[in-house]
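Got some structures for you, see below.
Note that chain A is present in both complexes that follow, paired respectively with chain B and with chain C.
For the complex of A and B:
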């Protein structure tokens, strides 16, 4: 089966995000006073083939931990869905 | 002393490192391509500055999986000296040879200037020609030099003297925790630093303070060699 993993990588809560802080300031300058905080991350789409969903989850978690994130400062979530051939 | 300077696609301080070795200690250095599988012949391995693999994904994230990095890890295990400068430091943290990680500079700006550093630990193979507490001037040129390690790791590093260089107080250019500019592994044979000692080996370059890093390793090597 072919699957699409939508992977979201963000800095851990304990790690300061200077880009997010700059964007927060910019939004405040535009009078979006409602904005409390902005965190900036990365979004990746990985298309993969797997025998079943269990294997696909294993693959995605493996690639996130080994390459797509740096576990010292980053964390991730993902969504997995079957796609057409 | 046999020296290797590893070249990744995107390295750009490799020749500076070779010239610094030539100038500071009168040794030659081989440029070694990132596909090389063995570095057994070398006593000192330098991972130079630059933008390996375009810094895609994260600085050092892709370079650390290149074939040569297995050889670097193997030689580090054997106690050979490994030194990562700037991008080389990022590759070493990504590869787990050094603790911590390097984030975007807090200012979000690329900083290229001469930094004032404090030598924190002068009792390593790399820093024996400095004095602890001494202030030195070494250039920096980076956008992602903002060192991070969690509290527990930092505590352990402080206890073991693994913090080697700090930016002078009030002159931290990138927001790094504890003003950290350079760290060493527990064993004391793998050093990583954001500043560029290879660009500071002669007064005409603005500073000669980096030369003693190379003379320190050279003396450490001579001592070890004499014992063999």
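For the complex of A and C:
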């Protein structure tokens, strides 16, 4: 079966986010004063094939922990959905 | 009211994604041969205050189109949810 994993990676709450601070500043400069805070993360779409959902979950967790995220400063969530073809 | 906008930015399908290709290659090097394709996007959490949801939608669309995305090569979706405090 073919699956699409949508992976969302965010910095842990206690970790400083200078990129988010820069975007907040830029939004204020554009008069978006309603903006309180911006946190920047990553979003990844991974297309993969697996024999079943259990194997797919294992694969996605493994690649997140080994390559896609830095578990010291980041957390991740993901969604798995079957796709055609 | 205080709202959290979760914004997902992705490259348009026709746009080459060299970062995604590099990640695909790295995953194959780690023996994740089941991976077919990786597309890398951005994920942003924007906390903002607004008088009502309509104004919040307008604000989020405005900042996405003016600063947060490049409409030539990227598309975006977002979710808005009310938050405490």
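Simple rule for what comes next: the second predicted complex is superposed on the first by the 85 of 85 C-alpha atoms of A that agree within 3 Å, B and C clash if a C-alpha of one lies under 4 Å from a C-alpha of the other, contacts with A are read in each partner's own complex, and residues count from 1 in each chain.
Everything that follows uses one rule, which is that a contact is a pair of C-beta atoms (placed from the backbone, for glycine too) under 8 Å apart; a residue touches a chain by one contact, two chains touch by 3 or more.
Keep in mind that what you see is a predicted model, and the values were worked out from it rather than measured.
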Contacts of A:16 with chain B and chain C, given as first, second, both or neither: first
Partner chain in contact with A:45 - chain B first, chain C second, else both or neither: second
First (chain B), second (chain C), both or neither touched by A:25: neither
Which superposed partner A:59 touches (first chain B, second chain C, both, neither): second
Which superposed partner A:67 touches (first chain B, second chain C, both, neither): both
More chain A residues in contact - chain B or chain C: C
Set intersection of chain A contacts, chain C complex versus chain B complex: 67-68
Residues on chain A engaged by chain B in the complex (per definition of touch): 11, 14-16, 18-19, 22, 67-68, 70, 72-73
Contacting residues of chain C [partner chain A, same complex]: 2, 8-10, 20, 23, 26-27, 30, 32, 34-50, 59, 62-63, 66-68
Chain A-touching residues of chain B, taken from the complex the two chains share: 57-58, 61-62, 65, 93-94, 100-101, 103-108, 146, 148-150, 175
